[in-house]
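A single structure is presented below for examination.
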Amino acid sequence: MYSFKNDYSEGAHLRILNALIETNLEQDEGYGEDRYSQKAKEFIKDKLGRPDVDIHFISGGTQTNLIAISAFLRPHEAAIAVSSGHILGHETGAIEATGHKILSVEGRDGKLSPTDIQEVLDGHPDEHMVKPKLVYISNSTEIGSIYSKQELQSLHDFCQKNQLILYMDGARLGSALCSEENDLQLSDLPALLDAFYIGGTKNGALLGEALVISTKSLKEDFRYHIKQKGALLAKGRLMGIQFLELFRDDLFFDLAIHANKTAGMLREELKILNIELLTHSPTNQVFPILPNSVITVLQNKFSFHIWEKVDSDTSGIRLVTSWATKEEEVVSFIEELRSLLT
Amino acid sequence: MYSFKNDYSEGAHLRILNALIETNLEQDEGYGEDRYSQKAKEFIKDKLGRPDVDIHFISGGTQTNLIAISAFLRPHEAAIAVSSGHILGHETGAIEATGHKILSVEGRDGKLSPTDIQEVLDGHPDEHMVKPKLVYISNSTEIGSIYSKQELQSLHDFCQKNQLILYMDGARLGSALCSEENDLQLSDLPALLDAFYIGGTKNGALLGEALVISTKSLKEDFRYHIKQKGALLAKGRLMGIQFLELFRDDLFFDLAIHANKTAGMLREELKILNIELLTHSPTNQVFPILPNSVITVLQNKFSFHIWEKVDSDTSGIRLVTSWATKEEEVVSFIEELRSLLT
Amino acid sequence: MYSFKNDYSEGAHLRILNALIETNLEQDEGYGEDRYSQKAKEFIKDKLGRPDVDIHFISGGTQTNLIAISAFLRPHEAAIAVSSGHILGHETGAIEATGHKILSVEGRDGKLSPTDIQEVLDGHPDEHMVKPKLVYISNSTEIGSIYSKQELQSLHDFCQKNQLILYMDGARLGSALCSEENDLQLSDLPALLDAFYIGGTKNGALLGEALVISTKSLKEDFRYHIKQKGALLAKGRLMGIQFLELFRDDLFFDLAIHANKTAGMLREELKILNIELLTHSPTNQVFPILPNSVITVLQNKFSFHIWEKVDSDTSGIRLVTSWATKEEEVVSFIEELRSLLT
Amino acid sequence: MYSFKNDYSEGAHLRILNALIETNLEQDEGYGEDRYSQKAKEFIKDKLGRPDVDIHFISGGTQTNLIAISAFLRPHEAAIAVSSGHILGHETGAIEATGHKILSVEGRDGKLSPTDIQEVLDGHPDEHMVKPKLVYISNSTEIGSIYSKQELQSLHDFCQKNQLILYMDGARLGSALCSEENDLQLSDLPALLDAFYIGGTKNGALLGEALVISTKSLKEDFRYHIKQKGALLAKGRLMGIQFLELFRDDLFFDLAIHANKTAGMLREELKILNIELLTHSPTNQVFPILPNSVITVLQNKFSFHIWEKVDSDTSGIRLVTSWATKEEEVVSFIEELRSLLT
């Protein structure tokens, strides 16, 4: 059974494993103060065009979100997120467990706009309510959509004007930046965001996200927060070596391009089959709406998530591709589907 | 410069890296529900002789301590630890950050006894003070000492009688169990402890600790706590594969034996040189007391921690050996030391 | 300017102040262990017909909610509340600050039903999400509605079946129980709820709520939680004396009856004036919809909250009556309103 | 049985109760925004000579400590306190429950010095440990001693130099300032401390402490923290009216003078009886060392705490006087004691 369930079903890109082997017996400092981590940070700063940002490697997305948000906010301050936002429904209350409320807004296409945020601000005028302070967005979003440069610019401007922190969850940032519809560059991000992370786990690493903090006031003492939340790995080199490999050339982007390409293959074929999609996703997630009977048969050969019920006969499913997706399996999925529909 | 600074200066045992490569492109479930993790748990349960325990793989020691302790305690309950305990001074207030006080007691040789705990209980009679509920011990301890079976049995009995949870930090459990002075077996532990962890990070893994919960009431919903604290790795297989390799035969113990052996070499030679030790450590840490002038010269060729000032002329240093320590470097350290002393 | 803004604009019923004076110089135990508090608890237990419940006096509603909810829940567990619930939007994230998410549901008339809760349970199947565990309701609700005995019974049955804790915020319980439409008695509550509080602050006391815990497993060590949250008043007698006065006869109910009576006067007159109400409230809150021009003039003589915009010309306002509301001011409000409308 | 157990055994000074009655039926704003609270703050600012400080009324000492400390600190920062400090052992882990460690130091006479704090700083050099940030002191201390102006000045200077927040628990500040040995004035405090509170509960009020924040950066959004912790009383006027009465003339000081006077009577007579004291306390607590047999008989007529065992035959007891202590009861205590000793 082949899996389109997510983008973390396999191990890591082989270059990464080889790098681990090559460096294996060299002794180095613990807790992320090793040479590989330092070098990896320099490569990323280079690509960002911003030597002044701070970069921290953290093992996963929920971990990164909870450390960053709890470090950035004072106790009475809250985050704002779109209702499909990962921190709202899929992190077991990790943010609330650090003491902070998340204010949910409907949004559109999985994205937030200044109008959405203004409504939250209007509804929170005084000390009987939390103080909205941080805007959480994802790119690509949980439903595969992406932010345009213009959209991000207006969010940035709005947040600046209202003294809000703009934070981006980049679990699938690679796929977003490599989307054909994308007009953002990695180097645009530090100026548009107070902080964001570059996802490694879902783009070819064994584990690891690179948190980038561009706003000076948010940088202070950040390693204390990582350690306090249990996330300062003794062998931090494990993440340094991986990000070094991903960013010493363009491997990070090459892997995302492959994920997008295979998702694109799926989309094109689905279009030919006249299958409607739940959302407009130009990234590595595809959400076709299929008859339940077809879904049941497909599940014998492929694994994927049933995303939501559409009506009594049909449901939207989620197909995720990755750096490791085999093109022949995409072909074989489409063939199976075609045979079921005709 | 060769490092005796800690037991996490290198990567992982080569068998572990090879296992990662062999399994790399197989697809499997995320979040620790993969076949490798399941298999690894079975091997460990076998060695524990207890199929009924629950096992969870967590990325590091501080992470494991904070998840376990905050999951086990109610808000008003506190942990008790010896003053040198890792959670007290070396985890950036990780336990307190989850809302729990740690009550410090002096102890002896880095260890706690029923008498120590009874004093804490006597001093906390009512609701104006926290309620002591969990006893935290380390084995081997932060200063290299180990608990005998008899000592652990009396702690167990005392805790049972007083409805206290007995929890053991096993960051260096391998070294403890393989010490020549040890009379405990891995399979003794589930009956003596409510929960404990088997440390991988400091014994040959890239990262990972295996938390073992033997008391039924502490097992419920535990995965929620791991996820909420950001520690449920998407590619949980990374830890499963490592523990599978460590426990499918006796690799875990073989690595600890090597660490202890090289520490033993150090201890023997130091004895010949008439050098006093700060603590009695039969495990992979050695704490010789040396003239400051000698220490300064040694630091040109070797790295290690200066543990504490003894008097104005001498200090205790900490030498740590590991699965990766080269015997020729131990020899060369001793030769250097001998030449400095004579 | 007369205020219909809330039910805590005045001090306390005079009998309460007199009781404070009469007992003033008697020495007694601190921290709620005084004779007055003990006696007050006995009177309340008598009226509840349940000598086995535990009762704790706590200074205010938010304080009570946060202590109870954080004491009842384990870290990964969440509360469920209707979107207008006080804990969701009007307590500055007090519940989240103790680490717990609140799951919001739409509900109906400010109330929750088993169907609402079932939907939440269905949407939270595993450890990637919080575990819904406590159902928070208010009676009377934030918009003045009340639960019938039948409604409470089905919530109770549903919660029992699903191992959920049912908790009621009774800030305005007096008004609810004394409503003409009410069919619940105070003595029904311990069997229907795991815990609830009887509000003093909004029904004639200077401060104080009586938290009643009827489910045994929730009682243990509760005073630790009160103390830890800073709510164990040194002179706990201050609350004991007040509740003693409220419950040694029927003062508590008499005060609520007065509040309801004056609200009823408002409702009747508004009906005569053909003024529509925002919500059906048979308690001490009335929400008439008025032209904005009328509201502006009314504000010259009366203070009240503008609750919500209805359309561009009209808004709903909130009028609150209390134990202290003067009937002549109700009359004078209606006269003013009538003159403005004609 | 007469009680010397504490300074909160009675209600409130009669002038306070009368003020509550006089203002009882006036309507006013809720949540501390009433005229009485405003006026009380003005009176206190006048006595402080500092119109720019912020003042907040909070119901009790633990509540005030936990709100202030959690509002002032970031998650990784810790408080420093002397081992007898109230927050360390007598507040049920209230500070830790907000996520912050308290670092305990031995101190001297219940007081901290710059040397003590420097040692803590030296022991906390990096992110593997908490960052010491706030110095907690009490005046008078838990064992009755007081800080001289010189001592407070050097703490202030040290804290400024090391970017530490200096916070004073003033539960018994009245007694400290009115001690014969005191050389501090209320108006000295804002310049010497970043924040402190003026205790009402133990000096004649029913409840209430006045938190004074003099450092600008600590003032922002403070009411959010009070509300979030459940301490923004709906009828905040209750505290405003009391502090208005205490500070519209010198009632606050007069009450403390009476407490000190009666404690002084005890001390003088104990000296005549050649009874040694546990601590040097020039305030309203006296700690005589008495034979256990004498203590047992005294307990038939008087209640007090046995503070600590001195040797097998003698113990130190704690006698506390207050604004309400009757001089004839002091006389009668001494007579009883004298008769027992001769």
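For reference, chains read A, B, C and D in written order, and residue numbers begin at 1 within each chain.
Everything that follows uses one rule, which is that a residue touches a chain if its C-beta (ideal position, glycine included) is under 8 Å from a C-beta of that chain, and two chains touch if they have at least 3 such contacts.
Just so you know, these numbers come straight off a predicted model, no measurement behind them.
Asks: Which chain's mean C-alpha position is the greatest distance from chain D's?
Replies: A
Asks: Looking only at C-beta pairs that count as contacts, which pair of chains has more of them, C-D or A-C?
Replies: C-D
Asks: What's the distance between the Cα centroids of chain A and chain D, rounded to whole Å?
Replies: Here the centre of chain D sits 51 Å away from the centre of chain A.
Asks: Per the centroid of Cα atoms for each chain, what is the distance between chain A and chain C, given in Å?
Replies: For chain A versus chain C, the centre distance works out to 43 Å.
Asks: Using CA atom averages as chain centres, what separation in Å is found between chain C and chain D?
Replies: Centres of chain C and chain D (C-alpha means) sit 34 Å apart.
Asks: Going through chain D residue by residue, note those that touch at least 2 other chains and give them in order.
Replies: Those would be 75-76, 91-93, 97-99, 127-128, 130, 224, 227-228, 232.
Asks: Across the complex, what residues on chain B touch chain C?
Replies: 31, 70-71, 74-76, 98-99, 127-128, 130-131, 221, 223-228, 232
Asks: So in the complex, which bits of chain B are touching chain D?
Replies: Per the stated touch rule, the residues are 75-76, 78, 89-93, 96-101, 104, 123, 127-130.
Asks: If you look only at chain A, which of its residues touch chain B in the complex?
Replies: So the residues of chain A in touch with chain B come to 2-3, 5-6, 8-12, 14, 17, 20-21, 23-30, 59-67, 91-94, 97, 201-202, 206-207, 224, 227-235, 237-238, 324.
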